[in-house]
Structures are given as C-alpha cells and as structure tokens.
Amino acid sequence: MTRPLSLHPDRALPADPGVRAIARRLHEHTADLPLVSMHGHVEAAELDADEPFADPAQLLVVPDHYVTRMLASQGASLAELGVPRQDGGAVETDSRAIFRRLCENWHLYRGTPSRYWLEYELVEVFGVDVAPAAETADAIFDRISARIAEPGFRRLALLDRFAIEVLSTTDPATSDLAHHAALAERGYGERIIPTFRPDAVVYLRRPTWRADAQALGDLAGVDTDTWAGYLEALRSRRQAFIAAGALATDHGHDDADTTPLEPADGERIYAAALRGEATAEDERRFAAGMLFEMARMSSEDGLVMQIHPGVLRNHHDDVFAAHGYDRGFDIPEHVEWTRSLRPMLQCFGFSPRFRCILFTIDETTYSRELAPIAGAYPSVRLGAPWWFLDSPEGMRRFRESAMETTGFYNTSGFVDDTRAFASIPARHDLARRIDAGHLARLVAEHRLEEDEAAQTAVDLAYTLPRESYRRLSA
Amino acid sequence: MTRPLSLHPDRALPADPGVRAIARRLHEHTADLPLVSMHGHVEAAELDADEPFADPAQLLVVPDHYVTRMLASQGASLAELGVPRQDGGAVETDSRAIFRRLCENWHLYRGTPSRYWLEYELVEVFGVDVAPAAETADAIFDRISARIAEPGFRRLALLDRFAIEVLSTTDPATSDLAHHAALAERGYGERIIPTFRPDAVVYLRRPTWRADAQALGDLAGVDTDTWAGYLEALRSRRQAFIAAGALATDHGHDDADTTPLEPADGERIYAAALRGEATAEDERRFAAGMLFEMARMSSEDGLVMQIHPGVLRNHHDDVFAAHGYDRGFDIPEHVEWTRSLRPMLQCFGFSPRFRCILFTIDETTYSRELAPIAGAYPSVRLGAPWWFLDSPEGMRRFRESAMETTGFYNTSGFVDDTRAFASIPARHDLARRIDAGHLARLVAEHRLEEDEAAQTAVDLAYTLPRESYRRLSA
Amino acid sequence: MTRPLSLHPDRALPADPGVRAIARRLHEHTADLPLVSMHGHVEAAELDADEPFADPAQLLVVPDHYVTRMLASQGASLAELGVPRQDGGAVETDSRAIFRRLCENWHLYRGTPSRYWLEYELVEVFGVDVAPAAETADAIFDRISARIAEPGFRRLALLDRFAIEVLSTTDPATSDLAHHAALAERGYGERIIPTFRPDAVVYLRRPTWRADAQALGDLAGVDTDTWAGYLEALRSRRQAFIAAGALATDHGHDDADTTPLEPADGERIYAAALRGEATAEDERRFAAGMLFEMARMSSEDGLVMQIHPGVLRNHHDDVFAAHGYDRGFDIPEHVEWTRSLRPMLQCFGFSPRFRCILFTIDETTYSRELAPIAGAYPSVRLGAPWWFLDSPEGMRRFRESAMETTGFYNTSGFVDDTRAFASIPARHDLARRIDAGHLARLVAEHRLEEDEAAQTAVDLAYTLPRESYRRLSA
C-alpha cells in the first residue's frame, strides 16, 4: 500500500478546537519570519565548499544520530547504515540500501520528532508526496536525488530558500576560521558566523589535548607551555572569532561546576597535563576552573556563553572505538546547577557585559533550579529545550514547567541546534507551532491577551534569539 | 495605547468547553467560601499597628520578592526598586518611580502567577480598570493611593473584606507574642494566630544564633547554657505559642534529615556552638537532630509540624550583604525525603498526636517520595504546592502527579504562604480555580462523579486546611 | 443515599470531544484482545489449588497493599484490616467488618487507580450496581460472596472469563516448580508460566539467605559452598525454569548498579557471607555483581531480564516486624541508570540473545536516562509504568515523556504487575484506554495517521508484550 504524504496546516497545534483557532492566528504571526539560527552544528567547510549533497542517505540518514540510533536500537548495526568507521572496518556504501532501511522501518519513528522533521523535509523541501515504506523507498530516493542535483538545492542557495537570516556554526578553538574568511569574501560574513567551542582544549583527558593546546598556541602566536600562556592564547583566539563575526561561545561540559582554580593550581595541573600526568580529579577541577575562566573572558569581551552539561558521551566503548563521536550513544545524567554555577554567578552574575545561556536535558532542573536562576540573575538566560527535549512534548513541558518562574523574556528564544542542514526549517516550524499552542492555551484560559500572545510568539521565534545573542544592539 | 483590565469569570479554568462547564459549576461551590490561611508571612506587628499601607510601591512592589527579582533579572538593581539596604547604601525613595518601573515592564510578567495575582488585586481590591503600562502607571498609582487611604483598606478591615476566617502569622521562637496579645485583647485572638518558627535558634551558623538562644532562655525563664536547658526553653516557648492560639510550627531546613542526636552529642555540639566552635558538620547534624526533637515535642504537645526544605538561601553574597533575607535570590536544590524522614517516621509516624505537613519545591519528589509517604503514614500530610510551584501549571502538575497515590484526603488543602497581604484572596482564588479544573477533568473523563468532585473541591479549599491544622476538633 | 455504580463506556478517555471520538475508535481495536500477562504476582500455589476465593475482604482488601495502606494512612491499623501478622499478634477476622471499613472510606480513593480498578471489578466481574458506602457495604459483600461461590469464579475458570492468554507468575529461585508441573499436567503449561526471581539468594543481608543458598544447591544438585558452585546452581535452576516454560527473570534491586565482581572478589564475599561476616559494602557489591552475572546468563540462555530498582523496602521497622513484606510501606528513591547499567551494556548491550526490560518508579529518569538508553541499545526495552505509576496520569506522563525518544517499539508493551487476580482485566482495560487517548491526541494533532495509531495500539496491548518476552518467535 502506498500511503500519501502531506503536511496538515494544523499539524502540531493543540487538538481543542477553540485553542487551535487561537493557535492558528498566533502562528500566522511567526510562520513567515526569517530563521535566526544562533546555535547550529553545520560545518563551515561544507558551507564553504557548497557542493551538492551527496545522496539522500548521506543527507538524511548517515549523519543524523537521531535517525541511525533508532535503527540501531532495533538491530541494525551502524556499519550497515553507512556510518563511517574510524577503525578501518567496512561500512555499507550502497546509499539506496541505506535509505531503504529507513523507509522499511518508518513505523519505528511514530511519535518521534525525527518523523516530524523528516516528513517536513520530504514534503516541503523535496516535494515528496508518498510516505516512506519498503515499496516507496526507491521512488523517494530518486525524487530527492533529482532535487539535490539542482543548483538551487546547494547549501548557500538553501539559505535563501529557507529564509535563514543568520547561521551560526560551531568551531573548535583551534579552527583557523579559513572557511569563514572565504565565506566572508563571498559576502556571507554577516550571515554565517562562527561560535567558539574550546571543549577539546579544556578536557585534558582527550587524546588530542596536547596537540590541540599546541595548535592553539601556534594559531595565536603565543607560547602555551604555561597555563598563563594557554589562557592568553584562548583570549587571543576569542578575539579572532569576534573579528570573524562570532557572538558566542559553546561549552559541553560533563557537569556545571564553575569552581575557579587558584592560579598556582591552574599552573600545576596544566604542567602535569603537558607531562601526561594529570589525574582524573585534576581533569575535573581543570574543566570547572576553565568554565569560570571562560565566564571571566566573556565578561570582558562580551561573547555570549552557552553551557550545556550533563551527558555521558560515548556510553559504549566499542561503538566509540569503531565510529567515534556523536553516534547516538550519548546518555544524559542528572545535573546539579544551584551550587555548581554559584562561583561563576557570585563573580559575574551582575556583570553588565556577561551573559550566559543555560541548556539542559535534565528536565527536573527546569522548575527547581534553572527557572529560579534565570528568573533572578540578569546575566542568565534559559536556553531552548535541547537535544532529546527539542520535541513537541518536550517543548510543551518546557513552557509549562519553566515559564511561570523564568518569564518568557529571560529565555534565549528558539535555537535549532542541528547538524542536519535540511532539517533547520522543520525545527523552527515545529517550535513555532508548539509555542503558538502554549500561548493559545494561556489566551483561552484568560491568562494572557491575544495581542500580547502574538507579540510573545514573535519574540520567542525571532526577537529573543537575536537579542539574547546580541545580534540586536542593546 | 491604554489597554482595559478586567477579570474574566472563566480565568484559569480549562480551555475545553465541556470541562470548563463542569469546572464552573464546581467552582461555584468554593468561590464564596471563607479563606483559611494557616501558613502565612504577614507580620503580626503590622496587623497590630493596623496603619494604612504606605503607598502602592511599598504595598505591591518593594516587599514582594517575586516582583522585584523579575525586574532585577532584566537589569534593575534592587536599590533602584527601593528594596531596603542593611549596609547603609542608598535606595530609591520615589515610590511613583518604583511603581512606574513595574508598569513599564509589565510584559515581563506574562504567564507568571505574579501577573495573575497582581491583576486580581488591581481589579478586585483596588478597582483599577486599565492594564499597567508606562502611560497608565501614574493613574494606577493614584487610584491605589486613594483606596489605601480609606479606613476600609487597613489590614484588619481587609480581614472582613477578604472573608479571612483565620490568618496564621509566622513568628520566631524568640517572639514575645506581644502583638498577638494586643490583637487578642481587641478580639482577634481566634482569628490571628501565631506559628512557632525556631529556625533562627536551630541553625548554629546564623550570626544571631547565640543572642537568639540567650533571648529564648530569657523569655522562657530557663537557663539555656546547656542543650537540655535549651530544649526545655523551646518546650516552654511552644506552650506560650499554644496559649496564644498557635496550631503549628514551621521549619525551613537546608534538607530533610531527621537523624536524632545522642544526648551526649547534642550537649557537646551545643556547648561548642556557645563557644563559637561548632563545625559545619556539627551544624548540619544539629539541625537534623533538632528536626527530630521538634517532632518529638509535636508528638507531645500536638502542634502540627510543617517542614519545607531544599532551598539554598541567599545564593548571591553581595545581594545578601546589601539587602538581607528573602530578596528572590534563594535557589532550590534537589531534596531527598525517603531516607531523611525515616528516623522521624520510625519513631513518630504512627503517634496519634503527631502530624507533619511536608512542602517541597522539588517537583521530582511528588510521585517518587512524597505521595507514597503521605499515602501510607497516618501522621503525614502532603502540603500544597509551595513558592515557585504555587502557580497555575505548578498546581496542576501537583494534582496530576501526586493525587493518584496520596489521595486528596492526605493533603493539607490550600495554604497561601504569602507575605503580600493584598494577594491573599488572589492566591485562594487561583487555587480554587485550578482545583476546579483538575476535578472537572476527572468528572469529564468519568473518573469521578460530579457531586463527589464538588465535595472534594470544598474540602480542598476549606475543610482540609481546617482539619489538617486541627482547627476542627478531631 | 445509595449511589448507583456503572462503568461509563468513555471512562478514562480524553475529555476533548474530537480526541475522544478518535480514542473510542482506537480503543475498539484493542478492547477485545486477549490479555498477555507477562509480569504478575499471582501465586502458582493458588492457581494450582484453584479453591474458591475466601470472601470479599480476603479477595479485595487484605492482600492489596494499595488498598490497605490508604486506609492505614487515615488511621486504621493494618491489624484492624485483617493483614496477617507474623509476630503472633491478633488481627481482625471479621471479613464483613473489614470490607465495611473499605466501603465507609470510599471517598479516600477518589482519583486513585485503586478506585478505578475496584469499580471495574465490582461492576464487570461481580455485577455490583451500587457504589461502596457504609449503607451498601453488606449488600455488596453478599453479592460478591455469592459470585465467588460459583464454580465459574475460581481462578482457572477466570482465566477464560478474563481472556487471559498467558499468565506469568513470579517464583523464587528456590521454587521446586511443583505447582507449575501440576498445572502443566492439567494442560496449563503454556498458559501459566513461571518467572525466575533470585533476589532472595542474591541479597546477602536477608535473614534467610544462607538457608536459601543451601536450598538452591539442594534443588540443583550442586554444591553451593563456593561462589562458582552457587553460580552453577543458579544456571541450573534457570534451565529448570526454562523447562517449565519460563521466558524471563525478575530483579528487584536496591539500585541499578551492574559493576561485575572479579572472580576472586566474588569468592571472597561469598565465603564471608556463608560465615555470616559479609559487610554492608560486600552486600552492595555482591548484588551489583550478581546483576551482571544474571545478564551474562541471560545472554547465554535467552531468559529476558527484568530490572526494577529504587525502592527502600519496609520503611517502617515495626510494620515490617509485625506484618512482613509488601504492606504498602515501601518508599521509592532516586535511581541512577546511566552509569549503573554501563558495565552490563558494555558487555551485553549488543549481544543478540540478551534482552533486558527496565522498570522505574522514578519518573525523572524517563526522558533523561531510560528513553535515551532504550532508544539506542538493541538489547534494551523500556518497561511499562510500574507500581505507583500504573495509573491514568502516570501512564499518560510515561507516554508523553518517553515515547518521543524511545519510540513505541522499544517498549515492553503493557504488563499488569499485580498480585490481585481479579484486578488483571481492570488494569489492562485502563492501560488500553490511556494508550488510546495518547495515540488519539497524536492523530488529532496530525502527528500520526489514524491507521498507524490503531496498529500501534494493538502492538502496545498485545503484540509487544508477546514479542518483548519472546513469546513470538523472533
């Protein structure tokens, strides 16, 4: 049986007819707003190269760990799905077979945001009109293949098609920003901007740490043989990022600890790390201390600091050894914020130039810790629902759990946080609909006037991301 | 633009028309019930003095940390908002300017309970009919100013206007209860009653601890140079509170630990504290041990014991140094109940005279710990949603998460827990509406008959608070 | 007043008329499906004996700790409710009085799943048509008494009446499985199957541990004087269970730790335990190590491993001393899964024969830990809401919190987990209705097609429990 596929105009809006009618009207205010994508994971190199997407599997399956881990959970190996190996092992190279695997297992995605995003992409971006299934896999594959061969479907062209006003990439502290420079020369300097992500040079346990610390110094022209030099190199690279248009930094830490290091301790641990003698406790304290130092630098140079802790990365050693980072085997943990952020907020919580945006995938902290913190400290904004929570129910719970204490205006507004380029509009579409539904319920329950709700919807979708990341002048 | 302001009769009721119709009918059963306010923070001294409220800013902005911290979160300093300083620094004294600040930033409160309460007060208490905004600030200020100058708007008169049947204050163990005595002489002895709050004499780290312990002994006529004497003084003061009408005690602890102290340990720590030599661990153990002792005393004298742990008070040192306690910079933490309460419940969980009421702002404990505990132990009642959770969505989640296991009749019923006198009726109004909505959904889903729901609504609003705090004879 | 009692055809379906209409249609697909009861606590001995139920109190009150703890929470002693004592004390023996106590306190159960289940049993199983109350208690008692005297109301006959396709009991590792053998001889071998539950021989602190370990060896014909022998005996008993039809094991641990023991450590701790010298830390490590060993054995023999940690059993010593296990005084605790399961999943997470099903009563772990784990590892299924969470709101939150990340097809489907035989159909009825409601909302919000939802409903109710426990061939 071939099932037709289309996008219902009321999709993801509340079921109640009265609330839906209001939500529809609210959504009209945001449906056509440009996309502000201040926290993304599309690679600058790919944007610079601007090649056609390789094929439907390489576009929609292989790089999307939301998609591959679901197939893996039902017995597909990542290698069968074409996920690249770093250990030299073989992987499936028949993209048609990989794509068919997705289509045959379409039922696994029922009720998931991946399904929502993929359906949006199929219909809205690629003009597909049949639902994925064993029988339709090849036809859909062909349809998408034809589309992505068109010049209008390369990444830079899609910026216009998707109405992306600005796209922020995420770049290691050791990036030379050459791709951003090249993009700037072609007039994309304001539209594609880097984000400074120093995790690789902050986590001493990473096998590449020493080489990265060296590379950092080389790029900055600073000797990184001492902690002071290393800090100076970071400061210098932040300036280079700012010069390239960066507005923010991004920090994916194990936890949220921000306890500063005494300079002597910093020097000692740094020296030990260079000798390969840092202990696990050294590492932990160093990461915390560096989060504090990054906050200090942000309070000086004005880069907005994004913190998203609490994931035990690479939960399965063999998967990591074979396939590397970001393969869907990253499992969240309980996060403590109240005591962890206190050292940072004691020092910088009221600093006029400091702003940090907090992201969590531990929902228990919304009402207990994050909303009270972001609802009090002027330097703190509460980030949009992250990763597993960037879903219809997840976003709804976020609004219901956090907004009463935080207030809408102490949030970042929507960020899409995706490495799947073609899913960017789908993610904004879904968020705008869920927010319209939440606000519509407040209106229906006479807790907010409709014109206020409309303004709030626009602010959440467009104004707040720009303002939170200081794309609007203060 | 001047926006009109009014209270919709269906405000805060569910959006679904069928459920709303039931909720309306249920709400009619509770809308006009007297207010039983068994846990409040209005000052006895203010009630005794019964002066007019100073001005709209001093009434609605300055003392309400829900309101000031939201303005602070967007850059206003507490001093600019007129929040008193204890360090001698200057604060804004122009109440009109302070009140304007609130009105200009009215959008910050969208979707917050503060907005709901303030709107209720503006319309219902003060007859304001325009929404706060920069353009309306002065007119609203004048309107409220005129109202509070009327004799009928002093506190004691408002008791009648608000239909407050009983109002419980919260008083330190060292209170001489003179204001309550004065109020009793004027016939308010049954209506305004004290609550015994010994935190200041229990937390050894407080700078005032030694002086407070001394004052406690002086008041009780007992030598508090030993732990035994100190316990005796507490016992004596509890009797004084009972004589003044008190029905309950109130305990705001760091955590819920109730591990008792061996007498020798109690004496040792107490003696160390008197010498200023108590360690942090001594303090922690002393607080836990005192929670146990307070339970023992409650099991003897019948005062209902209220416990609400889990807030890291005064999160920002400079804010505390400048402005003192209760300024909106108190951040909740994870709370553990199951093991923490066990020592107390082992001893007193089945004691006929013992009752404790548990409050949390860690929602994760509703279904996991608190509902199973309150749904089993006869001595335990689950308190109403507290602080940040005393909000439409917070109260809804409480009903949905806890009631299936606790049962409605193992809860305290509504307590308003406010220091903002004029907001008392607003808080009861909101709670009654949310409960009507929750019960209406049970009726609409054929999980409860409508007459049962109506009786339950009345019990939650009126009977249970009276019965839980033993205002009704058992 | 005598209130009529009936079951509304739309009970527990969503209130919104549009969603309800869809839910009704979805529910029609599952309403008449056979019951697959893969995780239950009905005693094999009772099934084998197949005596009539003793009386209404012994059927509906005394053995149901959901029911007795609610009465206890309002002051009834367990002895007054007829709950057997193991300390020789007297208990109420007048079943009519016990049953009246339930009826008189019927209001305590408002909004609880116990009420839903009991109403279903009263109406659907026993043909009662008046609601429990003081005035109706005796009549209802008589009505049920008459029914359970009929031959068609014995347990084995009820298997047919209830359309129970398969019923799994839970049996200690030391069970000789004689009752199952007897039932198999009468043709029930495929329909009533055992589950291997080794907790008693795994937890060294249990007073019966040594005797149980000895009994285990005796049954297996293996010397259990060494850890190796003990493991061999367990392996052997698992084979005996498999021969008797078992498909699964069941593990109620304090926490989810699966850190393996080095063989030398295992031998040392085991030997210490035999000498009565195991420490608390030994016990803890032994339980974790045994969870790992059980996973290893499951990966070899294919028994599905059920894990449900996180309850502090027997919270009140006196209740336990008087009445023993499972009396409603078991209180949940916070559970950590991400790090705890890692050792097991590192080794067996991708083993083709290994499957584990994870149950929690710590809801905070749904979206944070369990959904990401079950949504990635092929060996893991997420179990149905357990114990306190097997309720309308609890099941709804489970669907809303976990499904977006886990996907429906990485769940176990419904398990009823009850020791109350007559409540089995009530529990399946409720679950099917809540799932119909959840799926109907997805349809109404255009997130799922109705035919997909219908298939998913059938899978959750019937296919997935069979497939998850490998009753369907792979």
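The letters A, B and C name the chains in turn, as written, and every chain counts its residues from 1.
Everything below uses one rule, namely that a residue touches a chain if its C-beta (ideal position, glycine included) is under 8 Å from a C-beta of that chain, and two chains touch if they have at least 3 such contacts.
Since the model is a prediction, treat every value here as computed from it, not as a measurement.
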Copies chain B and chain C touch via same or different residues, half shared test: different
Roughly how big is the turn, in degrees to the nearest 5, that lines up chain A with chain B by CA atoms? 120
Inter-chain centre distance, chain B versus chain C - centres from mean C-alpha coordinates, in Å: 40
Hunt down the residues of chain A that sit against at least two other chains at once, touch-wise. 16, 334, 364
Please name which positions on chain A make contact with chain C in the complex. 3, 8, 10-17, 69-70, 72-75, 107-113, 115-116, 312, 315-318, 328-334, 361-364, 388-389, 391-394, 397
If you look only at chain A, which of its residues touch chain B in the complex? 16, 18-19, 334, 336, 338-339, 342, 345-346, 349-350, 364, 367-369, 371-378, 380, 400-401, 403-405, 407-410, 441-442, 444-449, 452, 455-456
